[in-house]
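Structures follow.
In the two assemblies presented below, subunit A is common to both, partnered first by subunit B and then by subunit C.
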Partner chain A sequence: MYRSLSVRQKQIVWAWAFLAIPVVFYAVIRFYPTFNAMVISFQDWNLLGDRAWAGWKNYDKLWNDPVFWKVFKNTFVYLLIGTPVSLVVSFAIAYHLDKLRFMHGFLRMLYFLPFMTSAVAMAWVWRWFYQPVPIGLFNNFLAATGIPQIEFLRSTSFALPAILAPAVWAGLGFQVIIFMAGLRAIPRSYYEAARIDGVSNWTVLFEITIPLLKPTIVFIVVFSSIGFLRIFDHVFNMTTGDPGGPLNSTKPLVLMIYQSAFTDFNMGYAAAQTVVLFLILLIVSLVQLRILRDR
Partner chain B sequence: MYGIRFKSATVAIGTVLALAAGTAKAEVEIEYWQYFFDARVSAMEQLIENFEAANPDIKVTMTHFPYADYRTKVAAAIPAGEGPDVVQLFYGWLNDYVAANLIQPLPNDAFPPDMIGEEFFPMVGAMRDGDNYWALPTAVRSLALFYNKRLFEEAGIDGPPKTLDELVETAKKLTKTDAAGNITQVGITAGMNAQDHHWFREVLVRQFGGDPYQDDYKTVNYNSDAGVMAAEFYVGLANEHKVTAFGFMDEPQAAFKAGRAGMHIDGSFRIGSLNKTRGLSWGVTELPMNADGMKSNYSSYWVNAITTKAEGEKYDAAVKFMQYVTSDEAMQIWLDVVGELPAKPSVGLTEANANDDVFGPFIRGLAYANTTKFANESAQRQILIDMVQRIDLEGQSAADSIAAAAEAEQKLLDEYYN
Partner chain C sequence: MASLVLRDIVKKFDNTEVLHGLSLSVEDGEFVVFVGPSGCGKSTTLRLIAGLEETTSGEIEIEGRLVNHLEPKDRNIAMVFQNYAIYPHMTVRKNIGFGLRTSKLSKADKKARLEEVAATLDMTELLGRKPSQLSGGQRQRVAIGRAMVRDPAVFLFDEPLSNLDAQLRTQMRLEIKKLHQRVGNTIIFVTHDQVEAMTMADRIVIMKDGYIQQVGTPAEVYHKPANTFVAQFIGAPSMNMLSGEVAGGTVRLGSESEIETDLALEDGRPVLIGVRPEDLYPGGADILVWGQVTVREPLGPETLIYVGTEQGEVIAKADGRNPPEVGEQVKLSAQPESIHFFDTITGEALT
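The block that comes next holds the complex of A and B.
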């Protein structure tokens, strides 16, 4: 039967034969679990025993759960502080690093290093930095200079920024590299023309560099937004004694999902939160792509 | 895992050789599952060795998993007809395991309920349902007050405190601060995230005249004067007497191990790791009583049960194995290897064990211990962590904070039981 096909048809058959691998992979590894999670979100299931249909119960519980709204807010605080801060800082570093020739490769490596480090190891080291006297690095320094110590992780107002700082730092290396690649891709001739016209550095930055970096910025904003909306390892490891910080002040949605599923064994409730997170990620990504692309 | 695989491989080769020689008797193989904790695994290896020596026709294979995966694996394996014939579970999980049809009741002839009721410590009664026991422990744990002998000597204190008032006074002498007023050594560790939530529930609330729960732990009852006084006492250790700081050195047990804490309340399972801490000279004593001399304690335990997968000759072998792991001999081995206390007074309260410097205080504590029936231990613990933090960080009154905690916990219990 294969022999009777035309060359064009044979090409199509082969194309599909090769495509079948990623298609099957996506169907089994991605779409099936996603679909299953949506089904579980309408069920009651404690991992042991049978699943029972629960209708909208899990979503109803979520709507009326004050912890969920607290966590919802935290998740957006991570996003709304984390993304702009990391964007500005990484651009500033990349912009200046790009102009620097002395030890360029070494410095770039230093900025990239945290990105390659395990988030768990990093979180535990920062957890130690933030401890109160007598062991914490920062507080020992404050105590030595006579300044009252700050309860970084045991404070309802400082805990979230304290956790966000190493998370921003960890992602910086990657963003710096992407920005530098973007900067290199801008044709030199624009800068030369600007110099001949005698334009100031600020004008060059705002009229040439940033507009031409738009695709890079779009990529980094979308990428880091998704990262901050899914923040988990830093929070989990820095607050294991009281997961999610004092009075849930640092708990992001992913940690709440984890706790519902694997400490409360309430799989239906966890799945409902997952569906909500999925919708948030979808909406945020679509909005960002729309806003940053057509203007 | 390698050790076990290697062992089963050698056993398998031995079996093959024996079969080839034509002398082997048919062997029944049963599987035992527990979560991974070094001392528990080596204790169980010893028990299995002794059991196999006494029952040459039964072979027991042990498998262990990291604690985090344990429940998932058990839940997936047993309904599929795979996995363990005898399984270890936390006492608080019993309801879930029974409801999911994962375990079967112990047979009455091999485990007569009345005899068990007499022989075991009373809290094991929670495993009984009507005429049957569902599961039985090898060992139980309770709380006691650890103290740092070197710091006591340095502060010129002759012995550990016996009452709550003495506890506060002793702790004051042990507390050190730096020039800026920051605590650098705590008199007593504090943290609801460690064992303190048990101390609060089952000990302090009772000692201040309350009864933490009613209706077989289905109704929260600490929203009372006693509960408020207990909360004021507990938070007062940090805020009023300034003999401790919450979150000091990250974890209470870390502070005690590092020699930065005079006293520390913890469970008998901590003995092993404290013994391994070099340069720490520690003692242990019963939890302090209240002014009227009332004592209380909290105990918990892990149990073993026969799964619904075990049938026929495997079931018979599993029953024999259960009988052995709940025997006096097994309990003594568990005490010596793991440091967890025997579940029967006949073993625990022997002259040697009850007067032991280290195990004695824990074993004596069992006599007046209570066992909380948790619906969701970590969620119920979180409620007490939050209760303390509302007082400590947000300045809420103890009465309001206790009321809010009781309401949250009652909601959780209602959801679980209905």
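The block that comes next holds the complex of A and C.
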């Protein structure tokens, strides 16, 4: 029967044969749980007992939960500070590293290293940095210069930035590599033509380099936004004992979901939050793609 | 006045010397084409003139001013790149205007200058477009336009036609030549294509391995090549090279043919005999070589025939209507005045 097919049909058969595994994988491991989560968000379930229909109850509870709004705000603070800061810092590093020949490979490796390190190990090392004297690196430094101690992780105003800093640092290596690839892809003759025209380095940066890096920037913005919206392991590991920091000051949405599900065993409520997170991710990504696409 | 002077230019990249003491003087308004195989140093020379590379030693003068230590923007030059280097995210207007960014003209003057250039290049209606909406030839014109608005003393072209298809290349070749006749600036044009060099240049500079082989008008380099390299590089198909020996006022070629010559050379000296395929034809009285036709290439008005002789394969031109058949024995002749002699060892022309 296979023999009687045309070349085109045979190609289609083979394409589907190869696609079958990822299709099954996505259906069973991704889509089924996703839809199941949406269903659970309309139910009450403690993981062991029966599921009971609850209608919009979970969403209603979420809407009226002050902790959720605090968490919602935190999540966007992570996003709105983390993404621009990491974008600017990684571009600045890539831009200068690209011009550097001396120890280029070694420096690139140094920047990439944190990206390969386990987030848990990194979070605990940073947590140690933030401790009071005589343990914490930063407070020792402050003490030596005579500046008062900062309770980095125990302060409602400093805890979130203190956690965001290592999260930004961890993602930097990857973004630097992507930016450098983008910079390398710009033809040298564009810069040579600009040199002959005699425009300033500033003009070259803002009118040639950055516009031509737009596809790279779109990718990094979307990619890192999703990362910051889903931030969890840094927060969880740096604030164990009091997950979410003092007065929920560092708690992101994913941590709230985790606690609802595996501390309170309130699966319906956790699922409702998951659906909200999904919608936020979807909207943010679509908006970014829309704004940053070629106009 | 000479608008460009190169004096003993040497260029080394690390320890490799790629230009070995180049000297050349270009007159104001001259169209000079640098031609040579890849790696001959022609593009490097252009980049040195532009200031994109620094000379290892030697002097470059533009309009009587030493420019060795000047930035490209201060050298009063403009350059058109092989890939055009026009910015994809800017409109044609902005791209051309980029050349005027640092100019001290007033805004109105800049605009007038830009419109004038656009009109000269016949692309006024394209000013609002992005490069992606332009054809290859139009992009080429934008690149030329960006160079033109600067009104430089010297235009530098770095193989600007090699990205175009054959038909468009012929057309742009003509357009650039016309433009030069109209605008009259000095042009230095780099190419690897000898046809481009022949058709466009006032003077051709033929380079090989970092040395200038010959400088001359298209007619000079074609009719009086300085050496075997120039002889074979200029003209397509390449000049045939046969070996012969001087024998008392004549050059003996193979066993039976002799060429009369007034060259004063000692007897027994081996020489190379160069004959262009278009000067070598079947029949005729001044028979040079003979052999069997192995391949025919009909070109319409004429047919190229490849003939296996005792000196190896030679190419000759036969009539387009009644060329000899493959396998046929032919005797090939050439007029004595169309024959070139070269030294066997140095390759230099013997005159």
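Keep in mind that, in the parts below, the second predicted complex is superposed on the first by the 287 of 295 C-alpha atoms of A that agree within 3 Å, B and C clash if a C-alpha of one lies under 4 Å from a C-alpha of the other, contacts with A are read in each partner's own complex, and residues count from 1 in each chain.
One rule holds in what follows: contacts are C-beta pairs under 8 Å (C-beta built on N, C-alpha and C of every residue); 3 or more make two chains touch, one makes a residue touch a chain.
Please read all numbers here as calculations on a predicted model, not as lab measurements.
When both complexes are superposed on subunit A, subunit B and subunit C end up sitting side by side without clashing.
Contact with subunit C, but none with subunit B, is seen for A:P211 once the two complexes are overlaid on the shared chain.
Once the two complexes are overlaid on the shared chain, A:E151 sits against subunit B while remaining clear of subunit C. Contact with subunit B, but none with subunit C, is seen for A:P246 once the two complexes are overlaid on the shared chain.
By the document's definition of touching, of the two partners only subunit C reaches A:V199; subunit B does not.
Contact with neither subunit B nor subunit C is seen for A:W14 once the two complexes are overlaid on the shared chain. In the superposed model, more residues of subunit A are touched by B than by the other of subunit B and subunit C. Contacts of A:W69 after superposition on the shared chain: neither subunit B nor subunit C is touched.
Using the contact criterion defined above for the overlaid structures, shared-chain residue A:F25 touches neither subunit B nor subunit C, since it reaches no partner. When the shared chain is aligned, subunit C comes close enough to touch A:S189, but subunit B does not. After overlaying the two complexes on the shared chain, residue contacts for A:L48 are found with subunit B alone; subunit C is out of touch. Taking every C-alpha atom of subunit B against every C-alpha atom of subunit C, the smallest gap after superposition is 53 Å. Contact residues of subunit A toward subunit B in the complex are 46-50, 127-128, 131-135, 139, 143, 146-149, 151, 153-156, 241-243, 246-247, 259, 262-265. Taken together, the subunit A residues at the contact with subunit C in this complex read 187, 189-190, 192-199, 203, 207-208, 211-212, 214.
Those residues of subunit C whose C-beta lies close enough to touch subunit A in the complex are 50-52, 71-74, 77-79, 81-83, 85, 87-90, 98-99, 101-102, 146, 150. Those residues of subunit B lying in contact with subunit A across their complex are 68, 71-72, 74-75, 96-97, 99-102, 178-180, 182-184, 191, 193, 245-251, 260, 376, 378-379, 382, 385-386, 389-390, 393-394.
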